[in-house]
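Structure incoming, see below.
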Amino acid sequence: MHQAEIILNEKVAHSIYLLRLRANKVAESANPGQFLHVKCTKGPHPLLRRPFSIADVQRKKDTADIIYRVVGEGTSILSQKKPGEVLDLMGPLGRGFPLPLPGTLPLIVGGGVGVAPLLFLAKKLSKVAGLEGRAFLGFSSARETFGMEVFESYGFSVELATVDGTCGKMGFPTELLEDYLKSEKKVKAIVYACGPRMLLLKVKEIAASCGIPAYLSLEERMGCGIGACLGCAVKSAKGGYKKVCRDGPVFEAGEVEIW
Amino acid sequence: MHQAEIILNEKVAHSIYLLRLRANKVAESANPGQFLHVKCTKGPHPLLRRPFSIADVQRKKDTADIIYRVVGEGTSILSQKKPGEVLDLMGPLGRGFPLPLPGTLPLIVGGGVGVAPLLFLAKKLSKVAGLEGRAFLGFSSARETFGMEVFESYGFSVELATVDGTCGKMGFPTELLEDYLKSEKKVKAIVYACGPRMLLLKVKEIAASCGIPAYLSLEERMGCGIGACLGCAVKSAKGGYKKVCRDGPVFEAGEVEIW
Amino acid sequence: MVDLSVKIAGICLKNPVMVASGTFGFAREYSRMFDVNELGAVVTKGITLLPKEGNPPPRLFETPAGLLNSVGLENPGVEGFIRDEWPYLKNLQVPVIVNIAGETVEEYRRIAQRLSPLEGISALEVNISCPNVEKGGMAFSRHPDSAYEVVRAVKEQSPFPVIAKLSPNVSDIREIALAVEEAGADAVSLINTMLGMAVDVEKKRPVFKRVFAGLSGPAVKPIALRMVYEVYEAVKIPIIGMGGIFGWRDAVEFILAGASAVAVGSAIFSDPAAPLKIIRGLEDYATRNLKTRISDLVGLAHRNDAEF
Amino acid sequence: MVDLSVKIAGICLKNPVMVASGTFGFAREYSRMFDVNELGAVVTKGITLLPKEGNPPPRLFETPAGLLNSVGLENPGVEGFIRDEWPYLKNLQVPVIVNIAGETVEEYRRIAQRLSPLEGISALEVNISCPNVEKGGMAFSRHPDSAYEVVRAVKEQSPFPVIAKLSPNVSDIREIALAVEEAGADAVSLINTMLGMAVDVEKKRPVFKRVFAGLSGPAVKPIALRMVYEVYEAVKIPIIGMGGIFGWRDAVEFILAGASAVAVGSAIFSDPAAPLKIIRGLEDYATRNLKTRISDLVGLAHRNDAEF
């Protein structure tokens, strides 16, 4: 556990917040796809911590960011915290995204707040692996979009889809991915995805049908966050269950049964 | 229920806060000794409202004040609220302090945060009944004192006691009351008290032995706050139980058994 | 427009949201705060044959998301009720259910008898599950035989429908529900409070003079919901679900689990408007889910064709 | 200096704070976060004869101040345990209690037999109260006879002290505690999880595939505490108290109610350091209350001479 000071906690889109923490251990060691397990309140309710993907770290400034959407009690308490307050967190936890071989084209597919860990991933791909690729992002509506400029700043070309068509194409980012892969048949690519279950399922299908490796960041309700309670199970392709917190949250698409 | 906007929420002494609300209904109708039943959180924990005596109202400004001490979860949540936020409250509830007959000398005995309702009482005694008297106030320590100037501004003479002797006399305000009554035997007085149980018990004894009427503001853990749940029982002198929220919180000392 | 009305134990409720016994007094207290006629039904504080003083303070203690109470059935007795409370209650434009309790089967019988001339009572709720009294109380609801006996006795006396209110402090609630169904109960209320306690760590003794007290509030909701689900599969009579209902979502959970109506108790202390908000929430939920009648939702969680 | 040590079931613990089975894995996971040797004892995840996959997701659901789990005893089986977990555990400088579960009395017997050569096991905790499995589990703890049988069988095989872990989902926990005492249990653990459930109001079906799940966490504390208090008056063997312990104050409540030791479960998810903070809190509490031995506090809430 660390006690991390809140540096910033600001709305970046409709009901989406960016929280920046002073957390040198996280800043030093985090990999894209790993998460922080955050205590939203000191009291007995809500009881559990909340997991959030790391959306960025700034090593020089000792900071780590998460981007979260207010959906319930925990995130709503979080959104009321002010800079200067201290947050109790565990992490970085879990296994993040593996970097591709040189020469591979990274294709990023993000849905909603699932875009968060992909921002950090794009940074690493570009700065460490020297790879730039394409990002296909989907949101419900224009007012909930965020992060496009970040991908662009790392040299990614961005295509947008919104469910209501208020921005980009009307529809889902998986359609953008499909269109792209149809037009660029022979590309040596790798897919990275995070978002709602339906999105991951679809990405898995598409990647499999094109014979492209895909890495998916999964979500499950978490207890301990470190593999002790066996609460965050996801069916393994080989039978039995993997634990999202310990074996993931990022899995190779073939490892797990998403539904 | 009203939704009242917070105008001010400030520390006035060690772990003691003054909360000012825009609450015109309360400001219009409240009597000293009545209380507000305040919801500290929207969620299911802590479940119950918290009762606080009204410490002042400003009719012209439509405001009502409470003064509270941070002792547990509810008050600690309350202390983090900021001006502009809205508080859900019920009240004014309960029966307050009766005003004395003209010519009576009001003797006020307050211990700790129990001083809160007595501030409002002093104002009413002075402004409405034209009576000024004496206030005997007790606190654990100098750093927890508050309200002395308020009594003075209403023409009350104030005597202080602290448990650790850091301010005023070392000891309890009931000793100040006793000393006063010993020196002024024949005075036609009325005692008003609020504070810890031991203080009320002692005041009751002293008043009884001097044949002076005394009105005590009692505390009990509350559920509904309006006489429906029968949770806030205090033994009636006539047998059975009175309800602090409905029959009190202010009782004539003879009406109830305090222990 | 959603039809919120439900029929339970022969009573028509214009909506399925009642208040739980003991948390709403005799309705008068809350009538100053809102129009109690908007409720589905009013359930009174428990009435005993003779007046009862109740337990010494403290009577309440808060626990995580819950509340322990040791009120001890303080009430004016059946005569006091008829004299002081009934005249107000009988004029309400909403079904009134009278909750009754006794120390012996004979007492239950006599209360029921005494209430039987009161035209306008919609039903009796037989509390065989109060954990806060010396005699009778919860003991009746812990064994099928005694539960049967009490309900049978009341049923024989009462011209009104009889609702049996069961204790959750049992190994198998279905067994008790079956017994009261057989005894003729027209409905069951689930659940009364869970037996709990608290210790004062400063004084090193139980918080309550009677040591044990009844736990209610959101803390117990998962347990109450489970019991409603279990009992729905065991009996044919309708269920009034309660225990920790705080918002509309909780009410929906109970209804889907099998409750035909729900009662809001401790949550009223947190928000007196909770029952009204829940009514509105139910209506919105039904609309969103394209249900024209709230009663179509009852027990839906039991369908095995649900899209798992 | 306060003497925090306690003796329970023949084991000496340097302090009375253990971790609850299933919430601490096999200790290795948490050893990266703090020194697990500071605990009073480590209790392992439940072990069955054969490996168990556990239940399909979701396995966890949060409720007000509580947690429903349907892990379903996922574990590597007794052989896997001996091969993969025991080598680490046996080197801990702290008593290790192995929690075991079975579907039949015979299975319990065989696990106990298989574990009996493992020098260094401090005790077996016999889980006859798991609500999350198809067969066996909680059923054993709901009747005195079957509880007796299981504990008797394990006791016959085991060279180690035997602790019986009871289910709270019963009418009278004292009855079960008496039965396991008679069967030779050296201590009882109270309580396992309460049977509860949740309904997904969007999908209109139970949240869990197995419908029911086990409720733990602060929500159940008042119930757990009551059971410890009841059992303390019924049996002579020591009690390990658990169920919703979140802070030192809760631990003190359990000890005053009659627990010789306590276990922290769900609270660890909220704060992995909770057990250590509780140890420090107990020490401070004892000091403030002028007790030189923590064991002097056990059961104090039962004294009738307490200053009421």
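Residue numbering begins at 1 within each chain, and the chains themselves are lettered A, B, C and D in the order written.
Note that in this section a residue touches a chain if its C-beta (ideal position, glycine included) is under 8 Å from a C-beta of that chain, and two chains touch if they have at least 3 such contacts.
A quick map from chain label to UniProt name: A, B = Dihydroorotate dehydrogenase B (NAD(+)), electron transfer subunit; C, D = Dihydroorotate dehydrogenase.
Because the structure is predicted, anything quoted here is derived from the model rather than measured.
*Asks:* Determine which of the two chain pairs, A-D or B-D, is joined by the larger number of C-beta pairs in contact.
*Replies:* Higher contact count goes to A-D.
*Asks:* Return the chain whose centre of C-alpha atoms lies at maximal distance from the corresponding centre of chain D (Dihydroorotate dehydrogenase).
*Replies:* B
*Asks:* Quick check: how many Å separate the C-alpha centres of chain A and chain B?
*Replies:* So the centre of chain A lies 53 Å away from the centre of chain B.
*Asks:* Need the CA-centroid distance for the pair chain A / chain D (Dihydroorotate dehydrogenase), whole Å please.
*Replies:* From the centre of chain A to the centre of chain D (Dihydroorotate dehydrogenase) is 36 Å.
*Asks:* With chain centres taken as the means of their Cα atoms, state the distance from chain C (Dihydroorotate dehydrogenase) to chain D (Dihydroorotate dehydrogenase) in Å.
*Replies:* Their C-alpha centroids are separated by 33 Å.
*Asks:* What whole-Å value do you get for the distance between chain B and chain D (Dihydroorotate dehydrogenase) if each is reduced to the mean of its CA atoms?
*Replies:* 46
*Asks:* If I count partner chains per residue in chain B, which residues reach a count of at least 2?
*Replies:* 43-46
*Asks:* Indicate the residues of chain C (Dihydroorotate dehydrogenase) shared as contacts by at least two other chains.
*Replies:* 64-66, 217-218, 244, 246
*Asks:* Write out the stretch or stretches of chain B touching chain D (Dihydroorotate dehydrogenase) in their complex.
*Replies:* Residue list for chain B touching chain D (Dihydroorotate dehydrogenase): 43-45.
*Asks:* Looking at the complex, which residues from chain D (Dihydroorotate dehydrogenase) come into contact with chain C (Dihydroorotate dehydrogenase)?
*Replies:* Counting only chain D (Dihydroorotate dehydrogenase), the residues touching chain C (Dihydroorotate dehydrogenase) are 63-66, 68, 142, 169-172, 194-199, 201, 203-206, 209, 211-213, 215, 217-223, 225-226, 229, 244, 246, 249, 252-253, 256-257, 285, 289, 297, 300-301, 303, 306-308.
*Asks:* Can you list the chain A residues touching chain D (Dihydroorotate dehydrogenase) in their complex?
*Replies:* 1, 39, 44-49, 88, 90, 220-235, 239-241
*Asks:* In the complex formed with chain A, which residues of chain D (Dihydroorotate dehydrogenase) make contact?
*Replies:* Interface residues on chain D (Dihydroorotate dehydrogenase), with respect to chain A: 22-25, 29-30, 32-33, 45, 53-62, 64-67, 69, 71, 74, 217-218, 244, 246, 266-273.
*Asks:* Quick check on the complex: what are the chain D (Dihydroorotate dehydrogenase) residues that touch chain B?
*Replies:* 64-65
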